[in-house]
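Consider the two complexes below, in which chain A is the common component and chain B and chain C are the respective partners.
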Partner chain A sequence: MILQQIINGISIGAVYALIAVGYSLVYSVLNFSNFAHGEILMIGSYIGFYALTKLGMPFWAAIALSVIGAGLVAVALEKIGYRPLRLRLAPSLYFMISAMGLSIFLQNFTIVTIGPNFRTYPDIFSTTPIEIFGLNIGRLDLIIFAITAISLVLLTWFIYKSKFGNAIRAASYNMRVASLMGINPDLIVSIVFMLAGATAGIGGILFGMKYTVYPWMGVLTIKAFIAAVVGGLGSLPGAVLGAFVLGITETFTAAYISSAFRDLFSFALMILIIVIRPGGLLGVVATEKA
Partner chain B sequence: MKKVLVVFLVVLMMALSTGCAPKETASDTIKVGFVGALSGDQAVWGQADRDGLMLTVEQINADGGILGKQVEVIAYDDKGDQLESVNVTKRLINEDKVVAIIGTNSSGRNIAMAPVAEEGKVPVISTFATNPRVTVPEEGTLMKYTYRVCFIDPYSGEVTANFAWNDLGAKKAAILYEISSDYSTGVRDFFTKAWTDLGGEIVADEAFKTGDVDFRPQLTRIKEANPDVLVMPFLYKEVALSAKQARDLGIDVTMLGGDGWPSSALLEMAADAVEGSYFINHGDVDAPNVKDFRAAYNEKYNKDIEINSIMGHDAMMMLKAAIEKAGVADPVAVRDALETLQGVEVFTGVINVDPETHNPIGKAASIIKIEDGQFKFFKQFAPMK
Partner chain C sequence: MSVYYEGIIILACVNLLAVLGLSLLTGFTGSFCFGQAGFMAVGAYVATLMTMKLHTPFAVSLLGGMLAGGLISIPLGYPTLKLKGDYFAIATLGFAEAIRLLIENLEKITGGSRGIPSIPTRTSLPIILVVTIVAIIMVRSYISSRHGRNCVAVREDEIAAQAIAIDTFRYKQISFVINGLLAGLSGAFLAHYVGFIQPSMFGIQKSTELIVMVIFGGMNSVTGAIVAAAVLTGLPELLRAAAAWRLVAYGAAVVFIMVIRPQGLLGTWELSWKNIQRLWQGIKSIGSHTNKAKA
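So, the complex of A and B:
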């Protein structure tokens, strides 16, 4: 049973990881948490759903469409909700408020236009699990794990090897100095939101396939946000580590302590980690980032 | 149609909140309030409740109304949120001055609304709040203004236990329940009691929280316990997700559910995962006496009827009988009439209100089986005492 529970935990952690990375990316450059990230995921999930059902696209095309769509929505939201604040050098609290406003707006907009119903992705992959030594591994979970891994590798490559990645890392140290060196801050911010949106798009389509699609599904990303904080906000490996720690902690609490106390115990542990290491598992303590 | 309604409601709310609350005109209509989840998790049922109620009122008005007056429904969305339920209940009582309120479909929200109704002295008839504490918060007390048209959870738990024991021949039961729901924890407690009284064994008792989407850790434990039957007293969205995940993990036991299951959305979402399962319901949408109403419903809303639409109808018929008995559309007089209401025939049986508990005595549960992707009537149980 312990192996099965580890697999359960990893399968939850993989989805958290993709979402947590999006939170961390934005935080690393702009020092605030984009609380509308969950809604970008929701939009990505709906795009994927309609691409598969209404347009009858193949799976890979649907992922591509969802990635591009969610990325563009994220960039548009930045231009509408955050750029005006950025230009006026508003404190990060204002960004958070703007983000929450966007989040509530998008949820309600979806409820009014698309409707409050739950939608289910068509079964693209066989749902019969693979059985190895009495363990049941869902095919979908394997695919989700693979897609998450590929996305994270690509993202890491982009951030650490490409020219734009260099610029993003420079901007994450100090946006002002970076812009003095000839880096266009608007462009960097747009790229960061594009990347965060793209991961949310993938997250949305995977989440939709694993569970279901509905207008307020973005609320669930709050757990991924917490994972990002525990891992160290602003650190990409930290976000991934935090996500798996949270996924496995949740699963093990439910399995070996009590399913009724799952959130109570796992979040108490998260608080404990933060108290002991305020910068998160892999983050650096930076007091101005609050 | 649904979208138009939502937009209309939003506009209506804005109009009302800008301070021009409608002045009470000469009371040539009987105003009935409705509270339900028209958006959110439970919107499928809230909308069905409302649509059933609206159609019933339309039919009543076409037949000359109640006491010669036309009936007007004022419907508000509580988004499935207890706080909103309380807010709109206050508005219905204080601003709209309704005679009675119909709704909601959940115990938690009705428990929150009950004290407000008590204070405002306006009766509330719930369609689907099955927890005993909705009308009797604790032994020896009674919410004077709260009524319901459905049977209650102890009965539901008992029927579930008896069905699993006698009809399915199960000996070991596993329970998965929603710890943050008054309804789910209620059925779980009553099932556990009835089951152990029968001599059955509870081999797993696992909880989750409202809004959870992953049930694998709990289900893995349930699988280890190797039960004969899996009892799942919660609502269709979680049923669909957990049933799918249970099948993914290789759990193939019979699943047994409650009145949170019946919704076409369940069949859409869960597909094969719930095939062969049974659940307890308040009635049967295929029953012969519902046929005409169902046809009218299909035509008006262009969608198939849900059991909630029938409960919305039944609640309105119960209210109509009470207003006629009172002879006047006054909230307090209607409440008094409701308390001793007897022998009102509705779609789901005969309503005899127990003055001690406000529960409708004599309502019977149906067992529905999911077969070939459809809800099929399986058997009827002896009525609630």
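So, the complex of A and C:
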């Protein structure tokens, strides 16, 4: 029973990990939390939904379309909402407000144009679970886990091995010095948003398959943000670790205490971590620096 | 005055009380609060339960709701206000959601998601007007005092503020508690005006609407926040047909303001006798210029 719960926790944690990485990526370079990330996920989820139902695309093509679409939307939002503030060296408060504005806009624009209905993804994979050593593992959970793992490996490879990844890591230490070394900050920020948007696109499809698609599903990514905070904002391995910790905490609360108090426990976990270890599990202490 | 317009003014005052707190906390002190509706919910439910279960007089219930909003900010602000603003923003958002979930699940006390019906409606226009005006005067005198200027210093540059010996954490904490008090009061008035409360009245959308009012009016101006609260409460009544597009426009306008005019519509301008005189002088000088041009 406990093992079964751990597996359920890992399955939900995998999706959180993918989204939390997007939060952390933007935070590590721009030093603010992109609260419109959830809405990018929502857009990715809708793209995937329409690609599968209206266009009748195969699953892999839907993922590719959603990755590209969500990535481009993320880059466009950066150009509209954040770039002018970046050039003005505005305080991070303004970034957060701008992000909130983008998030309100996208959410309600979707409600007005597409409608507030919940939509269900078609069943692409068989719903009968696989039994391994007496444990029931949903096929969908297994596929979600595999897709997340592949995406995270690719992302890690890109960040740590490629030339652009090198530049992103340099920019995350110090954007100004990096730009003195011939790194184009606009390009780096665009790539970061492209990557964050791409992970949100995949996350959107996975969320849509596991639950449903609806305009305010972006709110769900608060959990991923909590995961990023628990693991340490700005740290990619931290985001993944935090996501699994949160996923397992959630399933255990739901199973042994009460599913109604699941979200309450997540928030309590975050506050607890902030009090005990403000930098998160793997992060550095995030006090304001001059 | 017809009951309809009276109702709009009362609702504007309810929003205004909550916006006043937010203006101090987010506008002047620079701590981004995402969960104002949570504090309103605490005030509303505490005041309602006092009236319904303990049969306290209206004034005592109001005071109870107000204190509840203020007191709950202390343990929430203590761990989160010391850190970077992002943590505080998400903690307040989490708090508001947690409060909503608690209310929904503690059905025996709060009536769950169905809410509490038939609360005695005791909020009247004169009472709320007087309370709102007193609150405005108090917040404005706090802001124009030494302490208020310290708050602005904290918003502008926390490191620099610390360097000139401002206890930044203390000022953020004070602003947060004042904000909680005002939000609690606003919730208590709301419950005793509508006569019915349920957790869905205090969702993320309510918090967003309140913060949008502060941003529209200008982060540096109480007058701006007041004007924005009045206009944005009345506007949806006029534009009932375009209700669905209202929030779309709000979102776009918030981004637009941040990008083009981050100081908000009124910037730092405050309504005061001196500023009115100055404005009048300005109008007169424009008038004399045009007269000269004609001659």
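Here is the rule we use: the second predicted complex is superposed on the first by the 283 of 290 C-alpha atoms of A that agree within 3 Å, B and C clash if a C-alpha of one lies under 4 Å from a C-alpha of the other, contacts with A are read in each partner's own complex, and residues count from 1 in each chain.
In this text, contacts are C-beta pairs under 8 Å (C-beta built on N, C-alpha and C of every residue); 3 or more make two chains touch, one makes a residue touch a chain.
All values derive from a computational prediction rather than experimental measurement.
Overlay on chain A: chain B and chain C clash in the combined arrangement. Applying the stated contact rule after C-alpha superposition, one finds that A:Y211 touches chain B and leaves chain C untouched. Look at A:I111: by the touch rule set out above, it reaches both chain B and chain C. By the touch criterion stated above, A:S66 is placed in contact with neither chain B nor chain C. The partner of chain A that touches more of its residues, comparing chain B with chain C, is C. In the superposition on chain A, A:P278 contacts chain C only, with no contact to chain B.
In the superposition on chain A, A:V219 makes contact with both chain B and chain C. In the superposition on chain A, A:S33 contacts chain C only, with no contact to chain B. In the superposition on chain A, contact of A:M100 is made with chain C only, not with chain B. In the superposition on chain A, A:S45 makes contact with neither chain B nor chain C.
Applying the stated contact rule after C-alpha superposition, one finds that A:F267 touches chain C and leaves chain B untouched. The clash between chain C and chain B in the overlaid arrangement falls on one stretch of those listed (44-52, 152-160, 170-178 or 188-196), that is 188-196.
Once both structures are placed on chain A, chain A residues 111-112, 219, 258, 260, 263 are touched by chain B and, in the other complex, by chain C. Residue ranges on chain C touching chain A, taken from their complex, read 26, 30, 32, 34, 79-80, 82-87, 89-91, 93-95, 97-98, 101-102, 104-105, 155-156, 158-159, 204, 208, 211-212, 215, 244-245, 247-248, 250-259, 262. Residues 1, 4-5, 8-9, 11-12, 111-113, 115-118, 120, 123, 127, 129, 131, 136, 138, 210-212, 216, 219-220, 250-252, 254-255, 258-260, 262-263 of chain A touch chain B in their complex. By the touch criterion given at the top, residues 27, 32-33, 35, 80-81, 84-85, 90-94, 96-98, 100-109, 111-112, 219, 222, 225-226, 229, 233, 258, 260-261, 263-264, 267-268, 270-271, 274-275, 278, 286-290 of chain A touch chain C in their complex. Residues 2-3, 6-7, 10, 39-41, 43-44, 179, 206-209, 211, 213-214, 216-218, 220-221, 224, 237, 240-241, 244, 247-250, 265, 268-269, 271 of chain B are the ones touching chain A in the complex.
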